[in-house]
Amino acid sequence: MRKTVSLGNGLTIGGDGFVVMAGPCAVESREQLLTVAEAVAAAGAAVLRGGAFKPRTSPKSFQGLGEAGLRLLSDASNLTGLPVVTEVMDPRDVELVAAHAAMLQVGSRNMQNFPLLREVGRQRKPVLLKRGAAATLDELLLAADYIRNEGNGDVLLCERGVRGFDPSTRYLLDLAAVPVLRSRCDLPIIVDPSHGTGAAHLVAPMAKAAMLAGADGLLIEVHANPEQALCDGKQALRPEEFAALAAELRHLAPHSGRRWIGPVPVGGTLNEVRAAGRGVLVSPQQSSEEPS
Amino acid sequence: MRKTVSLGNGLTIGGDGFVVMAGPCAVESREQLLTVAEAVAAAGAAVLRGGAFKPRTSPKSFQGLGEAGLRLLSDASNLTGLPVVTEVMDPRDVELVAAHAAMLQVGSRNMQNFPLLREVGRQRKPVLLKRGAAATLDELLLAADYIRNEGNGDVLLCERGVRGFDPSTRYLLDLAAVPVLRSRCDLPIIVDPSHGTGAAHLVAPMAKAAMLAGADGLLIEVHANPEQALCDGKQALRPEEFAALAAELRHLAPHSGRRWIGPVPVGGTLNEVRAAGRGVLVSPQQSSEEPS
Amino acid sequence: MRKTVSLGNGLTIGGDGFVVMAGPCAVESREQLLTVAEAVAAAGAAVLRGGAFKPRTSPKSFQGLGEAGLRLLSDASNLTGLPVVTEVMDPRDVELVAAHAAMLQVGSRNMQNFPLLREVGRQRKPVLLKRGAAATLDELLLAADYIRNEGNGDVLLCERGVRGFDPSTRYLLDLAAVPVLRSRCDLPIIVDPSHGTGAAHLVAPMAKAAMLAGADGLLIEVHANPEQALCDGKQALRPEEFAALAAELRHLAPHSGRRWIGPVPVGGTLNEVRAAGRGVLVSPQQSSEEPS
Amino acid sequence: MRKTVSLGNGLTIGGDGFVVMAGPCAVESREQLLTVAEAVAAAGAAVLRGGAFKPRTSPKSFQGLGEAGLRLLSDASNLTGLPVVTEVMDPRDVELVAAHAAMLQVGSRNMQNFPLLREVGRQRKPVLLKRGAAATLDELLLAADYIRNEGNGDVLLCERGVRGFDPSTRYLLDLAAVPVLRSRCDLPIIVDPSHGTGAAHLVAPMAKAAMLAGADGLLIEVHANPEQALCDGKQALRPEEFAALAAELRHLAPHSGRRWIGPVPVGGTLNEVRAAGRGVLVSPQQSSEEPS
């Protein structure tokens, strides 16, 4: 019997279901986030992803909106009904991030950041643990043990590509990791074809392949204007591309033995919510100053 | 418009079709080969694979039956109606192998064996070119150019895993290579999940994933007694496992936009052929001495 | 003109000098640490290394003595006169570790732990930054920029092996990284042949090779009883092996254009210090309870 | 007691000696070859290297002068007294190449070209076997066994870099392979820092590092006009750079426990030979048409 993880809004990951988590790489502004959030919800994503704290290779790259980004994610979650997964990089931020998100992401670069693993193990939200670019699957499982040893058994494992030698792709997506992990543990297994390939035109084939390899879900980056994205625009799908992919996946799911899990219904569409004045658009600057 | 390759018996690879090539890693004996050949034909494989010349890491490992193995493959092809693909390692053997096989395989270790590439480029049978374990996709395409420059445009590219760092799998199957190659050339693309994983329990999920990644076909190892195989038994499916996988793939094909291409019908089953005395079982030793 | 980094006791790293930093992988007890510290000082090491906070792949492995280990390192530094380099893993521990060590180490797993990089950039001790196992040299230099951007320019880069595919060695020591980094930056470059190979018998040849490749120094693990080490015993040299290697390196230095930099003289040998009652041996248990 | 290999002119490789093999990547013309041959001999190289049959990634790249190149190598050997090592790619060319060269090279791409290994095992010249870019050291040793099993025990192993992920270098030179191989076999071990780095400015530091890692010799590319080289010009040293490196290596040898082995003296310098009319310059086109 495989483990399932509940996100607290009635959504369960694992088992025979299949979930898609989608959203922008980085939260850039309220408008940017809500546009995407609405689009992915409408297309059938069950979870909203988006980064407020961004681990960037260079200190000169956009580092994320931080706490203001978390508040925007909270708002987007309230408006769309989608639970939010977002990354936490600093053990001192775990409590803050957990206050805004339904699920915490530990990124690839932090897979063996043991103080962080212990800290996310001490709070009560599920943790999406991404495989390090040079990590074996045994090392990934031992990293998960750091979280579970602190009392938090709700860990999801995420394959997102390892370091390869061919510049054709940003990383080398190791889909065989899915059935290997399946044979070694009972945790839900998620695949990130966006980081795993680094190229938008490769996301759809690898997303479908991941489903057939046995994944329990996907993590996909979507941006309304990939050319202007502040982070990883080359790998982002446009909303209409995502909608087409989601439709394919939804069709394919039963033929691969999976039950498609869409968003949990909420009272009213985003447009209705906006019309009701609950979704006023503000600039990032404004949003970073508004009370949480 | 994508290129299709004809195997001369009415079978065409590429386009919207999906073919499975299956058989033992190495031809060991008439009995071993025919048992598997019959099984994979019955299960829906369109091409029989099997090695007569085996590239083995150690000189002390079984090196294949050589020309006797080729004759057994010819016989099996005649009996089952399946065209045969088999590896050629030596430029001096190209003519011989081409006389017995419908398609020549250039193995991973020989992807940049340029004299061999030129020689297979000078004969008229299609060539299945396997990616080297450290080869970039551009290098694979340039290796194909060596064959095409000699006048043979019927090249199929085969992803079979690159060298990775995780001992969980024998190689790291790079499924993103499929859509990348698709975007760079019009050649048929085949995936070998047997060598690409090295473990029988991983073959089925990766075979299905390869189909969804956009492959035109699969190369799968099947052995009636994997424990006793003289070569790579750990990655061989049993006939009944292969039949179950083939049934899944056949079901999945239309839902992934593919047309399943089974074996071309032949006059009479293998059992009927055997009953007619055309399939006398001999030991490998005997078979290597019998006239062709 | 290349940058030099001063450790505050008169020791300078970089320029035309060559320094060896040596000591146990993990601080296990006062006796273990002092035995090794005395031995490496006598053999010519200029810096004492030793881990108090240990990043271990499994949560069930020995995790280090923590603050008690830091106090033992302080004691060993006072007794031998060797400045101490030790790892810090948690941004919340930076101040504590900086209070006990002359140089902070950021380990390979944390090369892209950006909150940690920023925190060590805000204190005033030099930082030894180890290359991640899947990090390009450009990524290493950008990680150094995170530290320098906070105001701390005293960064030393450390090559310690990247992830390779051959189980012959634990990691693949990339010595070409030394001249490549030399051509891209002016920071001191250190090589760790202990982690870079994972095998004691490979440490000496790779240490000498690193000197000739142009390194400014080495980081070498030494343990009096490698078989009983709580961490990475297979790669530790015995004190007598280290002494022999240090003698070779000292001899080789001028012939490779380097000036050997031994320990800064202190008042009295460790034995004299012990005789004076300043070096009472205690068990780890005791030491972890004594006041700092 | 370690194995030594004799090249037939009194030169012995292995044991406590250290030899440098140098010359152009590809033989381009008589003038080009003789200029370099004279320079490397004068600088202390003991063996002349140069490619007549070139394994090139693209069929459109210069493929070498073939047999005409072999004749030029023979001439250069006669004129300088340096024995020649050159690559053979095709089993059908082994006899021809062995007639012109003192040592046969099996290139990295052919390390597991087993028909070729068997063929070079059946002739009586030493074989320089280069490690494949994705080959483990055990696989390299098993490839050597293919040669030795045919009766030719004179195999030299060559580390020339494996496939890495960092574009900073063309390959990742694995110097730890030297002591690992030393501990597993008694064959001479050669390092190729030219292919191993792909960049001329990295050759000298890695050459010296290789000596200290325990190599028995080096393979170094030298070209009088690297910018105009038909093959791999970026990694070629100019003659004066090679002379400076050779002087450094010669100085370093005794301090690293090695005896420098320069060229075997011959009667007369190359200039004297040329003055005597034995070194008429011809263009590559001419040379490829001249009778042998």
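Letters A, B, C and D name the chains as they come in the text, with residue numbers starting at 1 for each one.
Throughout what follows, a contact is a pair of C-beta atoms (placed from the backbone, for glycine too) under 8 Å apart; a residue touches a chain by one contact, two chains touch by 3 or more.
Nothing here was measured: the structure is a model prediction, and the numbers come from that model.
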item: Contacts common to subunit B and subunit C (chain labels); value: A, D
item: Equivalent interface positions on subunit A and subunit C, same or different at half; value: same
item: Distance from the mean Cα position of subunit C to that of subunit A, given in whole angstrom; value: 37
item: Centre distance in Å when subunit A and subunit D are each reduced to the mean of their C-alpha atoms; value: 52
item: Whole-Å gap separating subunit C and subunit D, where each centre is the average of the chain's CA atoms; value: 39
item: Interface hub residues of subunit C, defined as touching at least two other chains; value: 134, 162-165, 167
item: Touch-based graph of the chains, sorted into line, ring, star, complete or other; value: complete
item: Contact footprint of subunit D on subunit A as seen in their complex; value: 163-165, 167
item: Interface residues, subunit A side, partner subunit B - complex; value: 134, 136-138, 162, 164-169, 172-180, 183, 196-197, 201-202, 205-206, 208-214, 251-252, 255-256
item: Footprint of subunit C on subunit A - complex, ascending; value: 55-60, 89-92, 109-110, 112-116, 132-134, 139, 142, 145-146, 149, 162-163
